[in-house]
Amino acid sequence: MRGIERLEAFSDGVYAIAITLLVLEIRVPTGDAVAVGLARALGRLWPSFGAFLLSFVIIGIMWANHHNICRYIAHVNHTFVMLNLGLLLCTAFLPFPTAVLAAYLPTPDRTTATVFYGGALTLTAVFYNSLWRYAAAGRRLIKSDVDQHLIEGVTREYAFGPILYGIATLVALLNVWVSLGIHAGLAGLYLRPSKSRP
Amino acid sequence: MRGIERLEAFSDGVYAIAITLLVLEIRVPTGDAVAVGLARALGRLWPSFGAFLLSFVIIGIMWANHHNICRYIAHVNHTFVMLNLGLLLCTAFLPFPTAVLAAYLPTPDRTTATVFYGGALTLTAVFYNSLWRYAAAGRRLIKSDVDQHLIEGVTREYAFGPILYGIATLVALLNVWVSLGIHAGLAGLYLRPSKSRP
Amino acid sequence: MRGIERLEAFSDGVYAIAITLLVLEIRVPTGDAVAVGLARALGRLWPSFGAFLLSFVIIGIMWANHHNICRYIAHVNHTFVMLNLGLLLCTAFLPFPTAVLAAYLPTPDRTTATVFYGGALTLTAVFYNSLWRYAAAGRRLIKSDVDQHLIEGVTREYAFGPILYGIATLVALLNVWVSLGIHAGLAGLYLRPSKSRP
Amino acid sequence: MRGIERLEAFSDGVYAIAITLLVLEIRVPTGDAVAVGLARALGRLWPSFGAFLLSFVIIGIMWANHHNICRYIAHVNHTFVMLNLGLLLCTAFLPFPTAVLAAYLPTPDRTTATVFYGGALTLTAVFYNSLWRYAAAGRRLIKSDVDQHLIEGVTREYAFGPILYGIATLVALLNVWVSLGIHAGLAGLYLRPSKSRP
């Protein structure tokens, strides 16, 4: 068993890089796209700006949550490191579905793009829950001075993640704008302060 | 409430990555562009070099200022983390307006590009002030041993940021070179030592 | 002689960046590739997804191993820093053979691509062993309280790396799928807990 | 005045990112380039591999030197932070001249490319010396327990950097291969242990 410091440092690095790489998916308009003038051409990039904004906030929230989890962890073991690797894999992958969403939102393929995007978020939330539940089960890796009610409250709160992301993903089959609205709403909800996020 | 260490580490990561990604926007000249010889082709990249230089210095200054703010902060809460996320969002976005500026400075679309660039900087400065004012209001998150006069001095100094960036942005509507000169001048001013930056 | 902290921080940075850059090699399908619909076009990206997954897990395991090694190191010297630089060079290079593998797996050039990929992994394992053996020889850089049996066990375990990666590379000359299966199997083996990875 | 910790963390980030971004400049061969088979097409990428290798080692050495300098620094002031920003600017820029070198080494424009590359390294070495000399002058920022002979030895050793890089740059006007040989030789020299790098 060992401390969590270097795992946190490595995870912070992956979150910081994934969140910053998002901007590389916004392409400077060139060629025919600028025939209408640069101002309009930039305006037509709204799907890219929107996807950047949404994914940035979602990855930022994931980072804050990861940060929160780590505060309760006393030490890590091999399985925790591997589950964390799975979570980082999903996180580092997110710039790709973000780029797909930005590229296909203005096209008839928008349903596929939104389902793909929502699916990636759902999978990330599943890994997130696995990581936490593995640590929390029987207080396996939890610091001794953390209140059990707090642990259980976190478990309940995080359980909503995969469910809500999953619902938003399925809703995309009916209407992509409602689906994206749910994603934005979930992110917006989190931005507000609450008792569990002092 | 919790310490500021991991927020600083994550923010440092985003600043370091955003500042280093700027170079990816400078493209190696190929094809017809090199018909005049590589030396001339590199010379014609001056808008890219200039935009890289300006944005690098500006992001570097923002990092130094972020560093400065954090020195006065005793602890962070959810709202501070979320405001910081907004600031990082603006910062991580800056490579895009930088690339737009580099691409369109030699074209008639230079006004739009410079307004877009200045607007992004102004928005970043607004978030920057929000973050600081939230922490400083009623000494909400400030260390107990920091002098109140120092806090108020920082508040006054930072208030100039959005105003000056905003003016530079509006000036671009009249003349982009004067606007960029103001941006460069602001950065240059900061590079000098001063009493508030010991 | 000096502490290992900053070497660990720098190495963590390179691992975190290399692992996160892998996603940039997955390109959003455009043009003719999407004539079959976005869902199918994404499905045809399976070599990219597979190569991303495999390389992500392998680099993640390398990071965990690097982390493990560093726990036994008391201090570093110039040679250790330079061997570590060689290891980081191989690691930072891996996104390129990963991209080559993803691009050429569906083509007759898949043998070359898989040999190139396996060769890069083998070279990385060789540097990894050099780094460890240099530190462990005569307990040159090892903490005084680390059991010698543990050191020797690590040496024996790591010695399998270049051999197994080398075998997988040679097998690619006969059959690329068996070769990639060995790579995946090696990664899978590591993901399980074991006595040497508490 | 303040500690050097966060400046080191930020600088480490920029070094780690710049060194890892180098790989993005190696492009997967496509189209006509692979008509000769993938193995040959990869072989023809030797300028990219060579430039990657050379720049990786040079940036790695710069990082190790930066690390060394920081060990002697007791605290930092505004001017030191700004000089360090200049050094990081040069470092973060290096992937671009590396890509230019890789692209134009096999062409008649190789002289321009090599001079451009060498010039960037020379400028970096000049900033490096400025940073150190500013800190060392009158022991302005040096820890009180560091021997003055050591400081002067470091000053003398680093003074060779801009001179040797400058010579290599001028030699490129006569023969690019000799110039690149000098760059490789300088890097190779550093890789060996010495008394000043315990």
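Residue numbering begins at 1 within each chain, and the chains themselves are lettered A, B, C and D in the order written.
Criterion: a contact is a pair of C-beta atoms (placed from the backbone, for glycine too) under 8 Å apart; a residue touches a chain by one contact, two chains touch by 3 or more.
This is a predicted model, so every value here is computed, not measured.
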Chain of greatest Cα-centre distance to chain B: C
Self-contact between copies chain B and chain D, residue sets same or different by half: different
Superposition rotation for chain B onto chain C, Cα-based, multiple of 5°: 180
Distance between chain centroids, defined by C-alpha means - chain A, chain D (Å): 36
Computed distance of Cα centres, chain D from chain C, in Å: 26
Residues of chain C whose C-beta touches two or more other chains: 9, 13, 16-17, 21, 24
Complex contacts: residues of chain C adjacent to chain A: 8-9, 12-13, 15-17, 19-24, 26, 28, 30, 34, 37-39, 42, 52-53, 56-57, 60, 63-64, 67, 71, 191, 193-194, 197-198
Chain C contact footprint on chain A (complex, rising order): 1-2, 6, 9-10, 13-14, 17-18, 21, 24-25, 77-79, 81-82, 85, 88-89, 92-93, 95-96, 99-100, 103-104, 109, 112-113, 116
